[in-house]
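Scrolling down, you'll hit the structures one after another.
The two complexes that follow have subunit A in common; it is paired with subunit B in the first and with subunit C in the second.
For the complex of A and B:
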């Protein structure tokens, strides 16, 4: 439901998009235009604060892994991976190489299900001219069926390794709660082979789309690892020369309270917004893509558009689908179980800090730990909190180019732009709604 | 009740899984599947899980219950061919402790409404609508939802929800009875 009013012939406007649809969570957009120029663009996140940083205080890191997974039903693995790596870094634990591979496979599963969901059910209706996923399914049923099969392949990986498809329970400090047998992993192979064809077809499908034109030069931030496309590890890099350890996130970035949002907003310490997620990763880490994903990116020729045009994020997501499926197949084929589910470890006092690449971008967590390894204080910075300022900055740049259009079209284009970032508002605390009003 | 989604599928076909790689089960003894959404550890989000657990032993053998956490299109595609479904969930937008019963057919046009607190990326009406289209035939069933207010991790049911649990269980039982009757009437040989 939208409630949009544009002053007839006027240049002073307020645009409110209430209850943005097809995003994860609940929020709205308030856009204020004075004299034809955008005065402010505010993503209003009214999801109630969820206090997870307080809930983990007094808990062991094994408990933290299961608690933080509950922050999100779409990307629980990202929360678990970040917490477990933070703990293992603080306790100086070296895990079995098979554990490293299994965790990467688990993360591939989450990327596949999250990207397939966003491409096929949330973003594609916009770009194929359908008002909802329901209309898309009605008119393009085989397309949606393919997307659901892809998503299913991702769900199957998470369920197999994590014990269940949502809020997995098997990740433990030092490894997993049990040894995962080879036959459990190889049974994923057939569905992944089909998923590979579907993922490559997805790239070709999105390559044929014509999203609204909007080009800007933004600051892009992602992890970068020397040996692989970033998921579980790497250094924080940007397209303007930043290069720092994951544990040092707070040295270059900070969170701020803004009056219109229950979620904290992150900025660079220099005040600049920055963008995380698939477009940033594909731009900053293209040379680390799996050869099949790299070939797919070359085939559609959209690397430059991905770097500069937010509406082309769907192409970055499709390329990453190919990457995640191809990497999952490689891991499945090479998997040899570890001797034990997890390695022994001892807790100690210190700081556990890490960042991994959630489907929507870099997720940072830091825990202050006592001598028993229990949490004394915590900071959790989800990707949507970090992208919020960049989304607002892009809306302020994009809006003036469309303000001469009918209000329904303005609303649709602004909503569409917001959806292109795949915001997970429930992670950031939880949705969007557009209003255009005369200013005195 | 005419529990039929008023959505014309692009292709009408038999009520079977359309994937070619799936073994089909032409005869199913399940008449109704009760899908309990939510989780036991987040306050009022546990209401559906608790209510369905209380009801499970009293249900006919041809009624199956499943815990689905967040309702996903795949959960509805997995409903046996010809069977009906009851989606049980906690929702916001309803006064705490109040119960609503809506046939799937009544969800048409409410695609942005009835959002479960756990915030599925698609709303329940969209999820049910897309699943019906993919199944190739409208899915018979109902949503039974209770208004929730407290969803904090580790919290108990809120007072308004806790005191409405008996009524919630009865509402689910009534929905099962109605949908089961519809399914049976569509299968005269059973």
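For the complex of A and C:
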């Protein structure tokens, strides 16, 4: 039962969905319509603040890796990867090529786990008309079981390399806490072979869906790397010509506090919102997809829909599932362990700034470090706080097209649109040392 | 509070289960969904009536079993947990946030207004308590699952035990015992690494030592943990500040760990932190 109130008054309307479900964390939607026009669409994030930017002050970057993982139980690897790359860029550390491959494999594991979770447990029930995957399983059990096996394959990768599926422990500045042996990695192979079939089947299942129609032209932002589909490294690019180093994020984007949210909102410095995540990556980096993922995208013929229709993000996620599984298999097959778990390094003063592609999109972190390599100040910008403004802008565009529907249906369609962005509200709620104050 | 009680009374044939969260990362409730192989089988035996992350079907109670993730850190949460307790037969806290206050409890040593102002240009928009505290500081807790995050094996054991009407087998021993059983060479004695294994409750399978690093205490203190004793031993070749920083993580606010941190003048951090004098005035 939703605590949803729709108060019609001529063409004036207020829609409140007080507790969004099947999203990670706690948030609400507040939409105000006057005279048939949307006056405001606010995604309210009331997840309790935890002040991570202050909690990491005084800590070494190895401690930071352990601490920032706790921002999000769904994508801890994304936080660890961004922090470790930031540290290694600041300390000028070159890691072993096997470490590079293992980290990518670890990240593939998280993408698989997170995308399978969102597709099968959070989003698919909407598109098939069920309140949850558990209800869906009453009618289509093999579908849900397949999704859970896919999710398990992703978790198994993270657990094999990092010790456990959530908040793994082995990522260290300079490499890993110990050598990850070849037999540990090759034992993943059988499950990944099954996961490949399941991921391909997911693409076909998703391709047969009919999500609600809503088309718009938005600004899409993602990393882009010369040699590979973006994950651990790249430059920040957009569909309107942006191209900058990851460490320069703050030169083009800024955060603002709004009264209705515990998460700061990011905008372009030109004031325009932008969208991160699977749809942006598939659109801006399609040529870098693994051949099997590229073939899957061609097969369902949804590249244009992914670029312009937020409700089709599930297709982008499915294509990325194929990509992540295929790439994981390639890495597993080629893996040769390094002689040592990590390379030696020395701390120094400076700025550690990096961005990687979390499952939900670009994640930026910057740490000011003293001569002992301890954090003096920090900024962490999760993908959901960057997507918030774009989600609100899309809601304001979409709402007028459905206002003639019954109230319950309006609420459901708006909630469904929000879920399609896979917002991670736990991530977004923990805050940044803000420089700019720009309130309406 | 007994660490591992059985259910208070016989359960109805299909127990009503709820999963709720307070200040947390969602990782412990995600562990429930991570029981991939058993999730649907469990769902066949119970009614999951409240689990906002997983289902749009909602309930405000009553609950036969309520799993509570997260710490109490806002005024609304302090009220909500009292209401939930009244609607619940067996209340189970899951994870370091719910059982010990979590990493966010480091703010309990700090000047909260100063932190909030440093993070937000308009601190008045942000509703937040000065402290992050465990659920047991607010209401009676019937059982707890430790860890940051909780162990899937312990969660499976707990659910199985509840459904079978028996007591869950959740051992309270030091991580050191698991290390010995796994045959892991002691990272503290042989490697000189800072390790909280001697004072930390098992359940992880000696995860960190098996990965070549010291235990960072994420399952919190074991029964009768000797925090000062370990701190003295570690302090032979470390500063008290470096000893304190090892304890000042996910279970920092649990009393045996808190004592070590207090003795060192607080957790590492800037001047908006580590001001126990002001705290004692508050």
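The definition used in the following text is that the second predicted complex is superposed on the first by the 421 of 440 C-alpha atoms of A that agree within 3 Å, B and C clash if a C-alpha of one lies under 4 Å from a C-alpha of the other, contacts with A are read in each partner's own complex, and residues count from 1 in each chain.
We adopt the following convention: a contact is a pair of C-beta atoms (placed from the backbone, for glycine too) under 8 Å apart; a residue touches a chain by one contact, two chains touch by 3 or more.
Everything quoted here is computed from the prediction, not taken from an experiment.
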item	value
Subunit A as common anchor, with subunit B and subunit C clashing or fitting	clash
Touching partner for A:193 - first (subunit B), second (subunit C), both, neither	neither
First (subunit B), second (subunit C), both or neither touched by A:139	first
Of subunit C and subunit B, partner touching more subunit A residues	C
Subunit B versus subunit C as contact partner of A:349, first or second or both or neither	neither
Partner chain(s) touched by A:334 [first = subunit B, second = subunit C, both, neither]	neither
Which superposed partner A:213 touches (first subunit B, second subunit C, both, neither)	neither
First, second, both or neither for A:152, with subunit B first and subunit C second	both
On subunit A, the residue positions that both subunit B and subunit C contact, one per complex	1, 19, 21-26, 50-51, 55, 67, 70, 73-74, 117, 121-122, 132-134, 137, 141, 144-145, 148-149, 151-152, 155, 164-167, 426, 431
Complex contacts: residues of subunit A adjacent to subunit B	1, 19, 21-26, 50-52, 55, 67, 70, 73-74, 117-118, 121-122, 132-134, 137-141, 144-145, 148-149, 151-152, 155, 164-167, 194, 425-426, 430-431
Subunit B residues touching subunit A - in the complex, by the definition given at the top	7-11, 18-19, 21, 39, 41-42, 69-70, 72-74, 77, 111-112, 115, 118-123, 126, 129-130, 133-134, 152-154
Subunit C partner contacts - residues on subunit A that touch it in the complex	1-2, 19-26, 46-51, 53-55, 57-59, 63, 66-67, 70-74, 76, 117, 121-122, 125, 131-135, 137, 141, 144-145, 148-149, 151-152, 155, 163-167, 169-170, 172, 177-178, 257, 259, 262, 264, 341, 374, 376, 426, 431-434, 437, 439
Residue ranges of subunit C touching subunit A (in the complex, touch as defined)	21-31, 33-34, 36-37, 39-40, 43, 48, 51-59, 70, 73-74, 77, 102-104, 106-107, 110, 115-116, 118-122, 125-128, 132, 148-149, 152, 204, 207-208, 210-213, 216, 218, 245, 249-250, 267-270, 272-273
